[in-house]
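Per-chain numbering from 1; labels A, B, C and D assigned in written order.
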Amino acid sequence: MSYPPSISRKFWGLDFDSPIMLASGTAGFGEELLTLDCLSGVGVVVSKAVSFKPRAGNPPPRLFETPLGLLNSIGLANPGVHHVLNHILPLTEKLPCPLLINVAGESIQEFSDVVEVLEQSKTHLGYEINVSCPNVADGGAAFGVDPDVVFQIAKGVSRVTDRPFSVKLTPNGGDMVMVAKAAVDGGASAITVCNTFLGMFVDWRTGKSVIKRKVAGYTSPALLPLVVARVWQVSNAVSVPVISSGGVSHGEDILQLLAAGASMVQVGTRLMRRPFAGAELMDEMQKLIGE
Amino acid sequence: MSYPPSISRKFWGLDFDSPIMLASGTAGFGEELLTLDCLSGVGVVVSKAVSFKPRAGNPPPRLFETPLGLLNSIGLANPGVHHVLNHILPLTEKLPCPLLINVAGESIQEFSDVVEVLEQSKTHLGYEINVSCPNVADGGAAFGVDPDVVFQIAKGVSRVTDRPFSVKLTPNGGDMVMVAKAAVDGGASAITVCNTFLGMFVDWRTGKSVIKRKVAGYTSPALLPLVVARVWQVSNAVSVPVISSGGVSHGEDILQLLAAGASMVQVGTRLMRRPFAGAELMDEMQKLIGE
Amino acid sequence: MTSVVDFDCAVISQEMVLPDVIKIVFHSPEIASSAKPGQFVQVEPSKGLFPVTRRPVTINRLTDDGFELLFDVVGRGTELMSQKQPGDKVRILGPLGNGWDLTKGKKWLLIGGGLGAAGFQFLKDSISDSVLLIGASSKDRVVSLENSIVVTEDGSVGSKGLVTALITEENLANADSIAVCGPVVMMEAVWNAVPEKHRHKLQISTESRMGCGWAVCDGCSIPMSDGGYKKCCKEGPVFPGIEIDWKRWKEAGL
Amino acid sequence: MTSVVDFDCAVISQEMVLPDVIKIVFHSPEIASSAKPGQFVQVEPSKGLFPVTRRPVTINRLTDDGFELLFDVVGRGTELMSQKQPGDKVRILGPLGNGWDLTKGKKWLLIGGGLGAAGFQFLKDSISDSVLLIGASSKDRVVSLENSIVVTEDGSVGSKGLVTALITEENLANADSIAVCGPVVMMEAVWNAVPEKHRHKLQISTESRMGCGWAVCDGCSIPMSDGGYKKCCKEGPVFPGIEIDWKRWKEAGL
């Protein structure tokens, strides 16, 4: 690898002008961005999580902003894989960039069941297997800490699709390097490092968590060094590309993640604030590299 | 528990006017604070880590400030247990508050060896067993992710001392709740949640980490929600008191940690900036509670 | 949604109209030309990293070349917004969401709680026939709108009492549509005060903690009476009252 | 160390003395009454949460009721410090560390690199007999001190060249003590330029990334020739040159 890193990337055999992926759960299915016309600068869109059956999601409030970050407790709200296949994926045909579908499951089996249904669609490039959601009781991050379970999930997904897929890890327990290796052994074509860190905000006057499920997923620009460390560790341990997820709020953060070993870089919370984050971040990177 | 939480605490059978502990590695052995006269408002001082043999520590730079936090790579620099016993602990006799000695080890055996030597001193209240240092190659956090190892370390320490001790956990892997339970089974009288999160800063122009050991310990006020979540999880799972460590920069943060289940609250990075943090934080808490 | 824009809008004027209530007029011909009553914008409180999300504020009124916002200073975001001075540029995304459904008949009853009444000026400008009731805790919370009937809890302006006391069978029966905007507890009181047979006329301007404001994060869900959720930022903020699950919404404790 | 204080010191004056070089005079009778040449203070750049640590700056000179700092604007902390205006209060801890060892004889040779020379005024005020050599890249980096011999790399002031060219056997032999302050590379060049037999006279003002500044965090270690480390903030910042492990110190890449 040469430094400074190149902004344009080769990933899964494809050429990308931009390393930017829109993170799962913060970009819908990309279709809202299509109408807002803000996919310029974006390399890949990752959809929100899709489960087999519809999921209503968690009770509100689903978001709470702390002084220096954001707690989210969405709970994988989604209309279920059949609705996604029949009513949403057709809308994504016009996306100017590839789509990965983020897949959730309450059982090892459910992941491959969801993928199997989605295989009927031609519109998406591949999958991101979400074994790391901090906001659900069943499955979620409980899977992501166990190398054996992750191996089985990856293996199951490999069996039903030839498309590439990434496995998105949790930073909240377990040994990320071992879990990443298990995912690769199971057939993963990339590793996403990582889902949100578990966080909580308690009202000291009442002793109550502001979020009904008590703990939630926490994002903050201040978490960037945590993600850089984990990207560096995992990318040094596995042969497949690493997709970073977390902590980006400036073009320079992306360059740092690429230098630390990321092949592509996801942007989530920043996108929620800045619908045109793709173009803005590309611009910032180009200015820095052009220096 | 009643809310708002009380600032004065009962901990290990003792009465404390302040819940504040000065975190290991950020307060020396308390003797510097004695000359600076800034132990007012402090409940307990936790010493820097002590190992059996002297340790020079990591090569500089040992600190690097990121935009929103601080990386440290001290590497348990300390003059070794015999020097501590003979030359440093006598200086701490004048401390106006109890002292816990933070103990590090490269092997399971070393922890109890260090404690055994320290037992000759009368000046300290107890120990904090550091199975979670992110900045050393041998031992350190590698121990802290394994419940069996932590059980054995705690068991070994219990055998050589009757003083109370806390086991300080790592948030960088493993299942904190299971490790906490193992520590309690081994005889721990408290659990410290937790040591620093692994972090890294890479210079994208060169691809090099600013820290020689690449990854380091990261602290930031923005990590408070991560610590609150882990304190809540562990304090709901074990019967012994939980000492929080991480993320405090304001009196309100301490109240939140107490409300989340902490019995005592450590302050580290903030103290480095504010030698009189103990008195300042107490003042902030009293104003909020008095509201 | 195709007319949504994200621009640095210049502050034209800023003033404190009531204690801790700020009115700001922004320049934005783009938003002025497409906004409908009941829609909102997402305001970026600072150019720095924090707060990490924007703050949603209802479009209170249009001006020739822009729009007016009126907001309570309740926390960090609105505090930062209150410090903007004429000439400052503020990043604003909008107009967002749906507005009041103007197709539901021409006679309107408007019921506002405190600052929630402010946006009714824009609605009144768009309809011909309306009765406007405003309730507030005290005169410090009353925005003056033409032809309004005002009650305050302390009687400091208008008569003394709650806005629900002004709701009569007569004005309910006269209305084709009833628009309600105010704090959740006040809106729930109105809901409870309206007899079953008129409830289908109620349109409720909801609030929720927002992440994006443009329908991608699913953070702003309002509990619906069918057991599911709808997005405040896209399918709302205005919902038919009968669609809302009032009990679950109140439990959110916004 | 017992005289260390942590106070909000008022800015008395602030000016840019060279491009991106700021001089600030603070009011602080406490620090003025106890500081010794070569000591430093820890300045809190902002009242907010960030940056999370303070910034160390050498005490450049004492005034009647306070002291003067002179610093380069190189990053976020010094940028914030450069924005302080007269009347502003800034939290400052000091005086910290040891200073120049004044017991090592009375004839001094002072060798400064760029801004590193600034603090020599304070030292000169405390000794009677000194020769002062200053090297800098250009006139934009030269602080004017009385009776100094100046060289610049571009010749824009003084003669053209490096400060090491001014080091002669004669001025080395004449000195009881040699004080060096400047960038690490410059100090290393001086170290290499001084023959073995005079090296014991060298006192080096070191720099390190600091956490606390008051000896509790062990973050500021300077590699010593015995293989260990000493704390820049407490046992330094001034060290005998012979104690420093120059190779390992340079590897730190400060």
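What we mean here is this: a residue touches a chain if its C-beta (ideal position, glycine included) is under 8 Å from a C-beta of that chain, and two chains touch if they have at least 3 such contacts.
Everything quoted here is computed from the prediction, not taken from an experiment.
*Asks:* If you check the contacts of subunit A and subunit D, which chains show up for both?
*Replies:* Neighbours common to subunit A and subunit D are B.
*Asks:* Given the touch definition stated above, what is the smallest step count connecting subunit A to subunit B?
*Replies:* 1
*Asks:* From subunit B, which chain is the farthest off, judged by mean CA positions?
*Replies:* Of all the other chains, the one whose centre lies farthest from subunit B is C.
*Asks:* Please report how many Å separate the Cα centroid of subunit B from that of subunit C, as a whole number.
*Replies:* 49
*Asks:* Could you work out how far the Cα centre of subunit C sits from that of subunit D, in whole Å?
*Replies:* 59
*Asks:* Between subunit B and subunit D, what is the separation of their C-alpha centroids in Å?
*Replies:* Averaging C-alpha atoms per chain gives centres 34 Å apart.
*Asks:* List, in ascending order, every residue of subunit A touching at least 2 other chains.
*Replies:* In subunit A, 67-69, 220-221 touch at least two other chains.
*Asks:* Hunt down the residues of subunit D that sit against at least two other chains at once, touch-wise.
*Replies:* In subunit D, the residues touching two or more other chains are 49.
*Asks:* Report the topology of the inter-chain touch graph, choosing from line, ring, star, complete and other.
*Replies:* line
*Asks:* Write out all the pairs of touching chains, ordered by chain label.
*Replies:* After working through each pair, the chains in contact turn out to be A-B, A-C, B-D.
*Asks:* Spell out the residues on subunit D that touch subunit B in their complex, using ranges where they run on.
*Replies:* 1-2, 4, 6, 44, 49-54, 76, 93, 208-212, 214-223, 227-229, 248-249, 251-254
*Asks:* Once bound in the complex, which stretches of subunit B touch subunit A?
*Replies:* Those in contact with subunit A are residues 1, 3-5, 66-69, 71, 145, 173-176, 197-207, 209, 214-215, 218, 220-226, 228-230, 232-233, 252, 255-256, 258-260.
*Asks:* Subunit C touches which residues of subunit A in the complex?
*Replies:* 25-28, 32-33, 35-36, 38, 48, 56-57, 59-65, 67-70, 72, 74, 77, 219-221, 249, 269-276
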